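Labels A, B, C and D are assigned to the chains in the order they are written; within every chain, residues are numbered from 1.
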Amino acid sequence: MRTRVLRFPCAGPDDLTPLRDALADGRLHPERVVAVLGKTEGNGCVNDFTRAFATSVLKRFFAEQLALPEDTVAERIAFVMSGGTEGGLSPHWLVFEVDDAVSPAPEQPGLAAGIAFTETFAPEQIGRLDQVRATAAAVRRAMAEAGIERAGDVHYVQIKCPLLTAARCEQARRRGATVATTDTYESMGYSRGASALGVALALGEVDERALNDAAICHDFALWSGRASTSAGIELMRNEILVLGNAPGWDPALRIGHDVMADALDGEALDRARATLGDGQLVALLAKAEPSRSGEIRGRRHTMWDDSDINATRHARALVGGVLGGRTGDLALFVSGGAEHQGPDGGGPLAVIVESGS
Amino acid sequence: MRTRVLRFPCAGPDDLTPLRDALADGRLHPERVVAVLGKTEGNGCVNDFTRAFATSVLKRFFAEQLALPEDTVAERIAFVMSGGTEGGLSPHWLVFEVDDAVSPAPEQPGLAAGIAFTETFAPEQIGRLDQVRATAAAVRRAMAEAGIERAGDVHYVQIKCPLLTAARCEQARRRGATVATTDTYESMGYSRGASALGVALALGEVDERALNDAAICHDFALWSGRASTSAGIELMRNEILVLGNAPGWDPALRIGHDVMADALDGEALDRARATLGDGQLVALLAKAEPSRSGEIRGRRHTMWDDSDINATRHARALVGGVLGGRTGDLALFVSGGAEHQGPDGGGPLAVIVESGS
Amino acid sequence: MRTRVLRFPCAGPDDLTPLRDALADGRLHPERVVAVLGKTEGNGCVNDFTRAFATSVLKRFFAEQLALPEDTVAERIAFVMSGGTEGGLSPHWLVFEVDDAVSPAPEQPGLAAGIAFTETFAPEQIGRLDQVRATAAAVRRAMAEAGIERAGDVHYVQIKCPLLTAARCEQARRRGATVATTDTYESMGYSRGASALGVALALGEVDERALNDAAICHDFALWSGRASTSAGIELMRNEILVLGNAPGWDPALRIGHDVMADALDGEALDRARATLGDGQLVALLAKAEPSRSGEIRGRRHTMWDDSDINATRHARALVGGVLGGRTGDLALFVSGGAEHQGPDGGGPLAVIVESGS
Amino acid sequence: MRTRVLRFPCAGPDDLTPLRDALADGRLHPERVVAVLGKTEGNGCVNDFTRAFATSVLKRFFAEQLALPEDTVAERIAFVMSGGTEGGLSPHWLVFEVDDAVSPAPEQPGLAAGIAFTETFAPEQIGRLDQVRATAAAVRRAMAEAGIERAGDVHYVQIKCPLLTAARCEQARRRGATVATTDTYESMGYSRGASALGVALALGEVDERALNDAAICHDFALWSGRASTSAGIELMRNEILVLGNAPGWDPALRIGHDVMADALDGEALDRARATLGDGQLVALLAKAEPSRSGEIRGRRHTMWDDSDINATRHARALVGGVLGGRTGDLALFVSGGAEHQGPDGGGPLAVIVESGS
């Protein structure tokens, strides 16, 4: 088996030109694609329609290429759009292809990918233990699909999860159900947090007995060092991409991870790369969030008190700068909202490297 | 002579607690203060009243301490507030003190500081050659005050300059005068640009014959590598602080500079420090701006097309991340709007270092 | 001939449920549709992708219903999305149908509709006389299509026009061409202004000899009382819908217009309705803009100096409140940016009324 | 006794020119001033420093005029700044003077004013029953001061109340106390809500037994029809201005109130005026908030789902438009955040009228 990762810049959420070009020159193989991760240029918050727009356009593109209904495409390919390219971050898509056209039995483990989806959630399940458990089960399915047996071989789990809108809250209310929060912006955090705890549960990073509804977005001592979750208005289930290194996969690409201790901890990149040997950076994926303490290394930050720009937007800009300054590249998948993903103000970071050949 | 630099965090634009504490324990000497540079937590754009609020509170504080009228204080001390602490930047004040309590004739040059002010401008002079020339003359006066004879010994010139508001434009219009622009946000750029060209003229970085009204904010091949200009609603003249190294000044502190080639060029800090030898970082001052090309190292950025967050806000967040990631510190004086200050997308960077003793 | 106007609320830019429902119960006839006007919930500025998203979804919907390629649909139906539902404005779509299933020779004139498109513009034509003239020609074609002979019978001309992005400016620059402005937000105003002057030219509201590149967005004594223009990133030509009253059209619906003298002039609605007799309000279309003087009836407004919220966003909220307070309805087509559309701070207003039967 | 109300436009939060002019020509009497209400041009949210800036400048002005320490001034005069002039609202100050230079025993009741302050709150009291009770007690003190005996004669109670910042939450946490919310923007709602319930309690609009911590910002069936509360970063206590009609006060000015049923209910102004007879409008004070249902008269609004502009900003713009369109005036005291102030989406409205003489 072999995982390939293609990184495409885009000129807007509906810009298919780079994909069409790659198709024309044989670099892109639609039938192999299992996931598309995207940074789109919306606000990354509730009313960010760039995520849904990109998903709509991409889904249609692959449906046409594969001559399949869009619903069927949605069962084959995970589309995970993360809004927000603040600071200097550059909109782009990461396309993951899996194929079996590889020489038998490579000795080294290589980049393995698997996807899975939960059932559709009711609004009142979002940000609750129901979402945690359904996510954990889906992570295990995705690991099985990728042939990853040990939790320790998983280096990154990307999840796209839903959020609550005023209409969804109202729908629950009419059925007599109460939602985790009626603040729609806040609901993004609850959904991301519950999804991350699902990863932590599946990977053995937290004890199931420590989990309950009240812990979600409150007991931040519980976290995953490998989850990256992103909320969007365009779906009502969780879509999961598991990445790890596993035997039987082409070792040309490999993935490593570490945890940023805080927003300035760019050294996490060096630590993650140190496990992988030399090679060219193919993708960098990281979480960004404002520290709840209101400080970074003893200096006050103003992200929480800024009512003009949401705190997650500031945090993406900051981490984009830290990692962009270190890599010289701004087409980085820096995603905001790291509830239960790494320690306060920090977050998981994963890097995919292609070994020189 | 001796220049001292004190860096105070603040909890808001009117937070005097750190200054009062420093006064109480003898670290702050109001009678020696020649300039206060501040990062305040507004939007850094037209309606950023945190700059004026901080200036108002600080001016009053020094007036009380010095038992002088505020107008007199305003002739002794340059108050240069730069709004905008996007990303993780931390609000703080840099207080510059000058005194003569130093041993005679140090052999090495040390950090020298001088201030000067232009006359009050009419709205129609802002962003025009009038502002350029008046600024150049004031820079020369500030150099003379600091005892800096050679332009090459100047490493940083901080200027606070005015902007146009709708009311100021209207006032000019009623007198039959036309202003450089009626777009108030745009006027900040014109004022910063003209002020920077004034520095470039004074320091011999541009040829006077290349300067005219039309070149301002259009011919960006003209720039200063040492100017840092910041516009605010709270004044109608330019206030100038010149920093350099000069003989006769205490060499415990020294300043160096370099030019960031683009927003990711954190190596400029290393280059600037390389000229200074070992020592502890006392202050870092840098300009940030979005590249006009719309790209950074070949990657598209979205700063210009974002109508929710002004481009200068994105740029400060980005450069704050790049330099914060490099220094581990976010109390940096990163100021936005680098028209005619460094090349497109880059900008001057200065660092003040205290030699170990 | 008969024009019908259907107003559909929507739950998001891609919400087709109300259209599908109307199709199912026979209210909507895709083959008769000539134009869809929409208020979408983006920022109405440069990076408002809700307009393109809605257009993409709607175009596809009609292509499927009509079993035609999307390009062909785009030649039959004008899609005019206006972003921005600030204050309490409510996202909705106005669908215009034209059919000939009406009794011969009604004695009274009735609502007549015609559409036309310009050629695709080069970036450097936007906001220039080229755009004015191409628009005027297209307005005349749309009038002919609607069978409106006299300019005085035209009551409203809705235009969707392009804007400049950083990429489009760069494209012109590479060809050695200069654009009207490189400020992308400002380019929306130039495009709207030139388009409105095209309407004014076609309707005889301005003298062609008064028009030149320099007058666009500068000589605001030139304006149309019937143009409503809206800029978007999703097209590079002008799309035009002309509405008027003409003989031979079903008089069940009729349109009237007036000009709001300023943002508070809700009485313009009464004046426009007074020309139409009794009937139920079917649609209200109005322009909103901040007065350039900085005042409304002697009171200072802060729209221009607010760097957190664009001035057009404030203006839509204000006019939405004025007209919503008068009609008790917030599903109004209030569109921002009224350059050369009505006097400073005011703008054209049109109302479509259905006579009781 | 006599209450006078002076309305001053201002060119910025620190613009004292109109006050100085009024002082010079004898219209303003500093020794009589009991309250200054202001609309300032910040975002009205957490980081709106225009409120504190205006308060700082005004307090100093009155201290100088009265030759009193600022602390003493703060015990005599309530400074209630409400941030946010969205849409077309115009920044201005309403100065309330009280003097006894009036003819004995007017037969009709006239505008009566009284002020009172609570003690300083600890962060954990904000948004809790402690704040409710302290507010109710202060409202009763202010009524007594104004000589208003019956709750029914109170027509408007303006309160300035504190908010939580990240630092204040942290301070409580260090003492082992928990705050009502750690979301600083949300804390403004809790503080406004608790303060409004304090008014409702004092005026007999709610039953004390219905009140508890959990009801605050949750049981919105509890509300006052006369409270207007506004949160700001610049204070840690509640400052209260009670206005009513009472015997023994000059009847030249009188106040009436009604409740807007929703944001479009401009008729509330007519109803309030109907109780007062003819006369000139001197001041209009109203609350604005987005309906929690997400709809206004059956139309969806987008205020809650907009992550670029806070919902309270939209609501002020809307209500400003509704009332500005009705009065032709935009110097209105429209204040956002109407938790427990009127029904969902509506709010109290008060009008002060000067009878013709």
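The criterion applied here is as follows: contacts are C-beta pairs under 8 Å (C-beta built on N, C-alpha and C of every residue); 3 or more make two chains touch, one makes a residue touch a chain.
This is a predicted model, so every value here is computed, not measured.
J.: Stepping chain to touching chain, what's the minimum from subunit B to subunit D?
T.: The distance in steps between these two chains is 1.
J.: What is the chain whose Cα centre is as far as it gets from that of subunit C?
T.: Result for the farthest chain: B.
J.: Fit subunit B onto subunit C over the CA trace and report the rotation angle, somewhere between 0 and 180 degrees, nearest 5.
T.: For the C-alpha superposition of subunit B onto subunit C, the angle is 180 degrees.
J.: Report the inter-centroid distance (CA atoms only) between subunit A and subunit D in whole Å.
T.: Taking the average C-alpha coordinate of subunit A and of subunit D, the gap between them is 45 Å.
J.: Could you state the distance in Å from the CA-based centre of subunit A to that of subunit B?
T.: Comparing mean C-alpha positions, subunit B is 40 Å from subunit A.
J.: For subunit C, give me the residues that contact two or more of the other chains.
T.: As it turns out, subunit C has residues touching two or more other chains at 11, 41, 43, 47, 167, 300, 302, 305-306, 308.
J.: Name, in rising order, each residue of subunit D that touches subunit A in their complex.
T.: That would be residues 43, 45-48, 165-167, 170, 182-186, 292-294, 300, 302, 304-308, 310 of subunit D.
J.: Name, in rising order, each residue of subunit B that touches subunit A in their complex.
T.: Interface residues on the subunit B side: 9, 11, 41, 43, 85-92, 263-264, 266, 296-297, 299-303, 305-306, 308-309, 313-315, 317-326, 328-331.
J.: In the complex formed with subunit B, which residues of subunit D make contact?
T.: Listed in rising order, the residues of subunit D that touch subunit B are 11-14, 41-42, 47, 49-50, 52-53, 56-57, 167, 233, 308.
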